[in-house]
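The structures considered in this document are given below.
Across the two complexes that follow, chain A remains constant while its partner is chain B and subsequently chain C.
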Partner chain A sequence: MSAAEHRDLIPWYHPKKLLISFRRSPPLVAFALSALLFLITILINPKGLNNRFIGSLILLTTLLAISSAGQTIVLIGGGMDFSVGAVMSAAAIIATYTMDKQDSVLIYVQVLALSLLMGAVVGLLNGFFVVKIGLPAMIVTMAVSNIITRLQYVFTSGSPAGWAGQKFVDSIIYRFFDLIPSIVIYALLFVPVVFWILNRSRFGKQVYMVGNNRQAAYLTGVRVNWVIIMTYVISGMMSAFAGILGAGYKATARVDIFGEYAFTSLVAVIVGGTTFSGGVGTYTGTIAGALLMTVLSNLLTTLGLPQTMRDILNGVIIILLLMLYNRSKAVRQ
Partner chain B sequence: MIEMRDITKHYGAVQALKGASITIPAGKITALLGSNGSGKSTLVKVLAGLVSPNSGSILINGQPVVIRSGNDAQARGISTAFQDLSLLPMMTVSDNLLLGNEPRTPFGMVDREKSRQIVKDLMDRFKIRCSPQDYVQSLPSSTQSMLEIAKAVHRNPRVLLLDEATAALHMDEITVLFDILRDLRDQGLSIVFVTHRMHEVFELCDEAVILRGGETVKSGPVTEFTLDDLVYYMTGQRMAHHAPGQDVSETSRQGQAVLEVKNLSLPPRVKDVSMTAHAGEIIGIGGLEGQGQSDFMRAILGAKHKTGGSIRFLGEEVAFRQPAQAVKAGMGLISGERNREAMFPDRTIAENIFAGNAAVGPRFRFLPKKFVRKFSEDAVKTYRIKIGSLKDAASTLSGGNQQKLVIARWIAVGPKLLLLDDPTKGVDIHSRLEIHQILRESAQKGMAVIISASDMDELLEIAQRVYVFYEGRVSGVLQGDSMTQENMVSLMMGFTNEKADGLLMKSKEAQA
Partner chain C sequence: MRKLIALSLVLALALSLMAVSVGAAEGEVRKLKLASHNAEIEGNPYRVRYELDIQEAAKAALEKGFDISYSSFVSNWDPATETQQLQNSINEGYDIILVNPVASTGLDPIIEKAQAAGITYINVDVEYLSEDVNILNICTDQYYLGYKTASYAGEVLGKGAKVVLISAIAGNSANDFRDEGFLKAAEEQGLEIVGRYNHNWSNTESQQIMTEIINSGMEYDGVLVSQCADAALAAFDTTGAPLPKFIGFGDTGEYMQRCLKINENETVMPYIVVSNPPGVGGSALNFGINQILGKELKDDVYENGNIKYHSIYLPSKIWFTDKNQEEYRAMAESMAPGDTITYWLTIDEVAEGYFK
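What follows is the complex of A and B.
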């Protein structure tokens, strides 16, 4: 290869190519936008640039990234999971109720087992109804999500349900070097699992196949329905795990405490480059999307606007982002 | 007359066209030939206004023009039937045919009566057998191809571009089409005809233009070429001669019966079909479009459920509920309907090749990156698939290379029984021979192969035995000396009575 040709292949050699490769890589765009919004936040409020602020940014990003993992897998498989928030809340309630201010390995195991089981059952219901009834995934999972939230009311009678153990709380919010929150330890264990499922297992390949061309996957010998149900089960379990961590972060839990995560996780995933139509997407993108959503929410807080204005602005920005990402791609032009 | 001069086009590092030129005279049919990935479709799309070239010029009657969009092209009387079809699958046949071209009443409303008449005439002319209200996505690919052509012709073009229009068509449809094309030619149209079926070139075309690696390497009247010449200019090598049936004696040493089908029924498409395939055999399934061939294969694979009869696979009675079970048991299906049934267009080339393996192996065992890459690298080399990088989306490949991708996917897995439903659709002549060779080798290693093809010659060339389907039944089985075009044609038309002097064997005798 001649030097000139070689140069052609390196995108950052030409500004125009840099732009193109940028547009082709949603994670890059999301990271760049995050940096931009972060800068704006700092410019508006220079005093905000301190260890506490950055620490909480990392903590919230990590929590959202973990919450959005299941959603990523479901979306790649061509579905959608609106029960992420309800499952997280339910898991948080199970966690605080079971712990009841106590810490012990046995209790941790109980919490984990109960929550994951709950998440798996919810996922199974979601998957089963999506596959068997054939209603749109959004509607099915919303309905299931409503039922879970109702059950939370019944279970707690609407009042906060106990407290997480202090050691467990510390394992999430402790700051290494007064900066990095200890939740990242969980992330270091969790993220490789997601990468393994999506990128280094045949199951992951099957999810992409089903999402990209269901009929082809079927004829190639993939158990399409089983794969779809499994994506919801995995999503339910991952959301439950995220809910337990959330309980540690908030120390207590009440009904629907993480309800908004259903929507936020979806936006984080889409902004990270996973498409609504399925078959395309990465977890790296979702992590970038989670960062972007967290930084955005911080910026809106910094602006000191009233809550309603914040919500409206948040909505408008999200719509703009989604428009930016969902432009149809040119194939074989 | 249209001239395209020194057209270049590159996609990143891939050079699709490097100085291709073509002259398209009026009142002639010009064949545009070349191997998979040689740039034919790109050249067609440049003229159709869908691809803007990096350099080069287009002249219409000596005047340089710039074609910026599909509308530009249409305004200049250029109309195209695309290789990957421009039909809207979720719309009806009638809407697709008229799209953007509806007859209007004096008040500017769509004239329904007239629309109906136009659609009816068009469908009659092309002998398209379906209802104008059918959704395009529900139609077989050959009907879709015919619609695509009818749509292009309906726009009354002066220049008609047909990109592999016949790849999915069956004999009867091709006859209809060729008559229409000859008519249009005699009316003075310029027609560009892209095909990989060389006999069509000699049958239909007046001029030939041959591309290799994005360049025009040769052009001239068809009469100046022999088949060998065409292949030589396309590939740069002389074709190795290989008499059909030569290997038969070797491969037909009959192994174990891999598949035994008895009186299989799947109303309304398949009625009472019996067939046996042994290890090492290549069995052909022939017939006109829609005589039950596809449904028969899908019933074996468990994608459709039989209502009667029995299937024994590897000696055991089976009733697969879904293809996954059949695949696990050792079957594989290669579909020629790549867009609908085979490709994962947004996934990488590597993933597409690995798809067959991904479907059968242990689901959650750690899958090293290297393993997948090695697997697909080997396949790309073995089947000489022309790619940029393994990480490119599969949709960036040329049509024939996409098809090779799907074939490679299965051969690499090595099933006991391979079902191929028109697998070489859009594959160039050289690669087709290579694929045939691969199938023969796989058969010799003990694979049973059942192949259906819309191209009769292909079956006669590769199969040791051909079951001809007519209206869901086997109208006859051809083997050995009885495998001739004439016999095949009469069976395809449904003549089961011993017209061909007893050469046709009934399926029972063939199995005995």
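What follows is the complex of A and C.
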């Protein structure tokens, strides 16, 4: 191979090609932008470079990434799940109510079983209404989300009781080497499962096919409706799992405490390169999107801007990110 | 003589009949229909408690001869829905309408309709700022909450201390009055505000913003926070950062229990609890009942409020600090994490304090 040919293979010699490959890889863009924003944060405020900052970034990113996992699968399958926040809140209430400051394996199993069951039922309802009644996913999941929130209110009289067990709380917020929060242990168990579902399982391949082109997927023998329903069921269960971790992070729960995760999880997924139109996206992208959202929020706080300016900047930056590389693909139905 | 006896008998009969009819009126139960309109309930422990307190106040009114049926309407922060729901309440002939509004303006036409229909319309909690309609505003003295907190912070931290201020929602009238109180007392006490943020009355945002403030390495001595103090305090747990030298104010079971635990054996972190009672709705109902009874407000009721908008500011009755926490321990420990300190003024208390 000649030197010129060798240079052709190295992207750094071709800025234009580099830009194209960047644009083709949203996760790469999100990771690079995260690094850039992180650098700006540190340059503005060098005091911010400390163990606490890094640890909090990891913790908040992990929580958001886990919360966004189900949303990623649903979006790749061509749907949308606005009930993520409501399911997380309901699971957090179940967790704190069941634990009520106690720690034992039996209680953990109870919390896990009840929460996952609740999440699965909510997902089943979402999937059923989307597929069988044919209503738009956004409307259905928002309506179901309202019902779940209302039920939280009814069952708790608006004021959920109980605290998460201290050992469970420590299993989320304890810092290894005064740096790495213990929530990463859950992530180490959880993330491979999501990767396996999306990249290795037959179901994952079917999700991409359905998201890409439902008609084509149907013609190749994929049970399209079943796949769509299952994406919502999995999303419900994953959101419930995130809610349990959220209960450990907050130690207590409130009605609709994680309501805003319905939106933030969606933004993290989209910023990570998963498209609204379905069939495209990766969980790596979602993790990158979650990191970017967390770093951006930190930067805006470090800048010390008034809240209105923070909100405006936050919105403008998200829109710019979406414009940069997340455009809907051509319809091939 | 016969005529005199007959006249006496008729008079006695008439008097006894009158006595019987007055007795019946006193024992009679008057039925009232109450509509409580709220911008939100779910997800907001304060407003959840607010509605429950109205229901309790309505039940308690039975002792005074009022059988009140209660209906709740939630607009979910949508002004159009709010207007539609209010119109329905007017059409359905409610006797009392309590409104915790979406915004501080924009309801003038519907208020005029309600008043023209003879409905007792009272605006509650979030002050309604219109000079064009004559309605009663019943609000908690929000300025006092901020002022009291920053005053105690100054007492604890001393002149020149640095504090961060985490407000609620910019532009919300209750928040803005609190901020005025925080800033006035901070100025009087010589506190330096090194950063201003908002948590939008969201526990999740409060914890996140406090986490980010800690992460930024900013130097501060105390934290002034407009409620959601429990979540701000939780950020110190999750980051492992040293506790501030002062925090306040909060009024939830979680906040009080966390503070009591931290200061169990000695004062580790001075704090203040100031109640912003959700029971303001229950108190407002009892203002309405007194109005229905035909009573008139005292001439000086707006002295501590705002005469321009006919606003009465009810003072916060319960507050405590690390110094007298033991007096309130039993109350604090009996509360669920999301419960807030609450109370409402009875019909008699309202009559005595605010009506002629």
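The working rule: the second predicted complex is superposed on the first by the 309 of 333 C-alpha atoms of A that agree within 3 Å, B and C clash if a C-alpha of one lies under 4 Å from a C-alpha of the other, contacts with A are read in each partner's own complex, and residues count from 1 in each chain.
We take it that contacts are C-beta pairs under 8 Å (C-beta built on N, C-alpha and C of every residue); 3 or more make two chains touch, one makes a residue touch a chain.
None of the values given here were measured: they were computed from a predicted structure.
Overlaying the two complexes via chain A leaves chain B and chain C side by side, clear of any clash. After overlaying the two complexes on the shared chain, residue contacts for A:219 are found with chain B alone; chain C is out of touch. In the superposed pair of complexes, A:55 makes contact with chain C only, with no contact to chain B.
Once chain A of one complex is fitted onto chain A of the other, the partner contacts of A:196 are limited to chain B, with no touch recorded for chain C.
In the superposition on chain A, the chain among chain B and chain C reaching more residues of chain A is C. With chain A fitted onto itself, chain B and chain C come no nearer than 35 Å, counting C-alpha atoms only. In the complex of the two chains, the chain A residues touching chain B come out as 5, 8-9, 196-197, 199-203, 205-206, 208-209, 212-213, 215-223, 279-280, 331-333.
The touching residues of chain A, when paired with chain C in their complex, are 45, 47-48, 50, 52-53, 55-57, 59-60, 96, 149-150, 152-153, 157-163, 169, 173, 175, 178, 249-260, 297-298, 301-302, 304, 306-308. Residue ranges of chain B in contact with chain A, taken from their complex: 13, 50-51, 84, 301, 303, 322-324, 326-328, 332-333, 335, 340-347, 351, 354-369, 393, 395-396, 409. Taken together, the chain C residues at the contact with chain A in this complex read 41-43, 45, 48-49, 51-52, 167, 170, 195-198, 200, 202-205, 207-209, 211-218, 230-231, 234, 237-241, 254, 336-339.
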